[in-house]
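Heads up, the next two complexes both have subunit A, just with different partners, subunit B and then subunit C.
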Partner chain A sequence: MAKHPTPLLDQLESGPWPSFVADLKIGAENRHKNEKGLELQIPEDVIDDLLGVLELSFKDGTTHWKHGGIVGVFGYGGGVIGRYCDQPEMFPGVAHFHTMRLNQPSGLYYTAEYLEQLCDLWDFRGSGLTNMHGSTGDIVWLGTRTEQLEEIFYELTHTYNQDLGGSGSNLRTPACCLGMSRCEFACFDAQKMCTDFTNEYQDMLHRPQFPYKFKFKFDACPNGCVAALARSDFSIVGTWKDDIQIDQEAVAAYVGGEFAPNAGAHAGRDWGKFDIQAEVIDRCPTGCMSYEGGKLTIDNKECYRCMHCINVMPRALRPGKEKGASILVGAKAPILDGAQLSSLLVPFIPAEEPFDEIKEVVENIWDWWMEEGKNRERLGETMKRLGFQKMLDACGMEADARHVQEPRTNPYIFWKEDEVPGGWDRDVEEFRKHHQR
Partner chain B sequence: MAFVSSGYNPDKPMSDRISDIGPRNYEEFLPPVIKKNFGKWLYHEIIEPGVLMHKAESGDEVYTVRAGTARLVTTSYIREACAIAKEYCGGHLRWTTRNNVEFMVESLEDAKKLKETLNAKTFPGGSHMFPVGGTGASISNIVHTQGWVHCHTPATDASGTVKVIMDELFEEFTSMKMPAILRIAVACCLNMCGACHCSDLAVVGYHRKPPMVDNAYLDNLCEIPLAIASCPTGALKPSKMELPDGKTVKTIAVNNDRCMYCGNCYTMCPSLPLADQEGDGIVLMVGGKVSNRISNPKFSKVAVAFIPNEPPRWPTLAKVTRKIVETYAAEAKKYERLGDWAERIGWERFFEKCELEFTHHLIDDFRDPAYFTWRQTTNFKF
Partner chain C sequence: MPSVEFQGKNFDIDEDGFLQRFEDWCPEWVDYVKDSEGIKDLTDEHNKVIEFLQDYYKKNGIAPMVRILSKVTGYKLKHIYELFPSGPGKGACKMAGLPKPTGCV
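Take a look at the complex of A and B:
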């Protein structure tokens, strides 16, 4: 028998989409059955009480979690999100309900064996509830008590060789697209770079030392499957510098209808016969393609590598061979001064192990932002406040027309004093010799 | 419930402590066919909704079957996914950046069997456990947040609203009839932990009442300057006030006319709560994207200033969402994302076609950049 009636939540058990309510109820039941005879380390009815408190929120339209919560493990300044219910007498099972972030493997590949081991630990010392995954990428373990945190951490590190993820004013858990593991568009090994950066900057990840949070994300091409340029302060996006590789026979196969456009992504609807002129040539944003006499040509100098033609004809067109990445910086959510997408900083940079060129950019930016960034000011906001030019200086980079979508329209231009002949130290008396008062 | 030690010694917390080991190496977990052909993929095909095939230079093929999940899942559910992976996939599986789960096999026949098995699994109550889909020009999973399940600053629930929208649009998850992919994201407050600012359609929890001030406690619980600095519109200032018991305390004064209820001061200061049953609800945003395909990445724009919270099934939200999706699907050209379409026909036409009321709330008034969102041209449609 369920501990609390949940008439409102029950209505979310119907409908075709996987019901979290149905799943939670099974989880609650399994804790009561406890078929493995575990010495459960947090209340057996933790899920019943979570359903209870959620039902209350559905009834009164407000959250029932107290503000904040500061808990963690020794040696680290983050990784655990503390939470306490604001009705602990009614729902003692979730009086403490802390979240632990576990650093996920790059690309989110698992073996059943490993996941089951993690489940064993979490059933024993936590609620058995998870998020697979947090939007930053972590495996999120939802709900345990303070006294279990060190025990869980001990077991994670000693038995499973598994660390926590990040939280707080530090480097958060980096994440990447699946890259070369299963995508022909990948222009660098996103998983390798993600893992390498995560390991290199462990100290920044576990011990807050920044003005505010900082995120890395790695997309191996401009399609952006991990949304790096919207969701990370430092966005690395794969690209190429030479010509798109064209297989004219395969182009003919698309034109002839042998190959489905866009790998069949629109197969659910009749869009007519594939029309290379209308669907590719005319949609190219730079107008740099032509198709004449059965031959596809690309004026690669004018291509800005948007991926459209490659996405439509993946069997005929491939990214070039001279591969690398672009670096864009500053993306953030609206708080405080408005949402930002990342802005282009480095148009092209090699992306091979050990990734030293990219790390140099990272470290120059950190040096600058850690010094100049105000309390709780994201990199994107520091860039707005101090100007893009200041960041270029900090990185020792020259301005480039690629840095802007368009040049400034206002003429409120700052000059460096040494750029102006004679400098700024002037004597008004000297001026008056030629210009009477 | 006896306490069982893991071996950790609370009297010597730093002895035998392992730290800074990071994540497990992904290479340990790759299926053999993935490991063998890593970086050597030639092309891919979407065989049918939810089933992808990747062809390698070696001639090897890997078939991927993608299934939706609720993201908030129990260990029981993860174990179920593991059991399937053990039966069909040599014990390998992965998750996607939109919280779908993917199973990989090496033949089309196995993939079809797997799809059937996955589609047949249901929860008590009838919902699918692993509905197969989310590929191609479809509506894949909804990237979402904590909501009333775990966060203290939400203005709506995440798991609930997501379930409602995905039920409403389920047919679009399992088919590929859209002009382009249509990404939906939910965030339960405007911290937007996830993907709301750059999605085709974004649901954002919103407050409509300024914070209450817990004067008696504020100075004890908050760093007042931090709370003051947290306000994007400068609505807060330090003040003093006399409590009913005659004691004078330092506190914060809220200028209600300047407050736009973002909740950021509450994030900083526990004594400024603002959640409210009638006040809170949803802002609907549309037209964002993150890919660079054809057009540049775009922010989503506010299309509906307020939809009330109506737990448990949010019928107004479901209805408005469906109307926008259907209008876009009927009107947009092939490959056009929702934002591409709205910009081409003009926002005045978007509102007309989607039958959405345009109210004063939708006109930007946040600082200098607001000006650039007004219309400095005579090019408009009647």
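Take a look at the complex of A and C:
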């Protein structure tokens, strides 16, 4: 028998999609049964009370978590999101309901053994509820009490060789697409770079020292499977420099219907026979492709590397061989001064271990932003306030046509004094000699 | 609102052990908090950090950014963590009696 009636939540057990309510109820039941005989370190009815407080929120349409919460483990300034229920008498099981962030493996590959070990620990010292994974990438452990934090951290680090993720005004947990592990589009080893950067910048991740949060994300090609361009202050996106590799025989197989376009991604509907002209040539954003006499040609000088043709005919077209990455910076959500996608900073940079070229850019930007950034100002906002040129200067880079989508339309152009003959010191009397008042 | 008594003084605190009112701060508070913040003995360096945080808060109404705390005290972040194991926010600000840090922490 459930501890709290949940008529509203019960409705979410119907329908075909996996129901979080059904899962929560199974979790609650399992805690009561406790078949492994665990000495549960937080209330047995934590999940019942979570359902109860959620039902109450459904009923009155408002949250029942208190504002904020500052808890953590010694040595770190982040990693745990403290949370307290605002009805602790009614729902004592979730009076404390802190979230712990665990740094996930790049690409989210696991073994059952590892996940089971983590689950054993979390069942014992936490609620048993998780979020796989948080938007930034962390394994998220939902709900434990303050006294358990150091206990869990000790066990994680000593037994499982597993660290916490980031939170606060620091480097958040980096994330990547699954890259070369199982994608023929990958232009660099996104997982390796993600792991390398995570290890290199541990201090920035665990001890907040920035004006505000800062995120890395690594996409191995412009398809953006980890959405680096939209969800990271420093977005690394794989690309190539030379020609797209064409296999004409495979092109013929697409035209002949032996290979399904987009690897069969649109098989759920009849779109007619594959038409290379309509679906590839005419859709190329730069119009740099042609298909004549059964031969596909690409004017690679005019190619944006948008991925469309490669996405449509993955067995016939491949990224070039001279691979690397672009760096884009400044993406952020709307608060405070509006949403931003990242802006192109470095069109092409080598992306091979030990990634020194990219790290140099990172560290130049940090030096600048840590000094100039205002309290709680994202990098994208610092760029807006001080200007893109200032960031180029900080990185020691020359401006390039590729830095803009279009040149400015307003004429409010600043010049440096030393660029202007005669400088800024002028004598009005001198001017009056030629121009009467 | 929970309250604690220590060496004859009463302190109103929140769940995270932060003082509810900055005006309630007194040297006994520091003595009371230090154990739970992993600090054995208070040194002049601890006091320097605490005093600066309080001065800054009184003048500006907010806690200083980490960078400013480092610059003024001359202590690198690493050293601040050596002094206050749970860091400048949870450790030093709590001991100095400043309000609990907020935002996306």
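Convention: the second predicted complex is superposed on the first by the 437 of 437 C-alpha atoms of A that agree within 3 Å, B and C clash if a C-alpha of one lies under 4 Å from a C-alpha of the other, contacts with A are read in each partner's own complex, and residues count from 1 in each chain.
We take it that a contact is a pair of C-beta atoms (placed from the backbone, for glycine too) under 8 Å apart; a residue touches a chain by one contact, two chains touch by 3 or more.
Owing to the predicted nature of the structure, the values given are computational and were not obtained by experimental measurement.
Following the overlay on subunit A, a side-by-side fit with no clash is recorded for the pair subunit B and subunit C. When both complexes are overlaid on chain A, the residue A:Gly77 reaches subunit C alone and has no touch with subunit B.
Look at A:Asn375: by the touch rule set out above, it reaches both subunit B and subunit C. Once the two complexes are laid over each other on the shared chain, residue contacts for A:His64 go to subunit B alone; subunit C is not touched. By the touch criterion stated above, A:Pro211 is placed in contact with subunit C alone, subunit B being left untouched. Applying the stated contact rule after C-alpha superposition, one finds that A:Ser169 touches subunit C and leaves subunit B untouched. Of the two partner chains, neither subunit B nor subunit C is touched by A:Cys288. Counting the residues of subunit A touched by each of subunit B and subunit C gives the higher count for B. After overlaying the two complexes on the shared chain, residue contacts for A:Asn30 are found with subunit B alone; subunit C is out of touch. In this overlay, which is a superposition and not a single complex, subunit B and subunit C have their closest Cα atoms 5 Å apart.
In the superposition on chain A, subunit A positions 66-68, 74-76, 81, 203, 375-376 are in contact with subunit B in one complex as well as with subunit C in the other. In the complex of the two chains, the subunit C residues touching subunit A come out as 15-16, 18, 38, 62, 65-67, 77-78, 81, 85-90, 94, 100-105. Residues 66-78, 81-82, 84, 96, 167-169, 203, 207-209, 211, 213, 370-371, 375-376 of subunit A touch subunit C in their complex.
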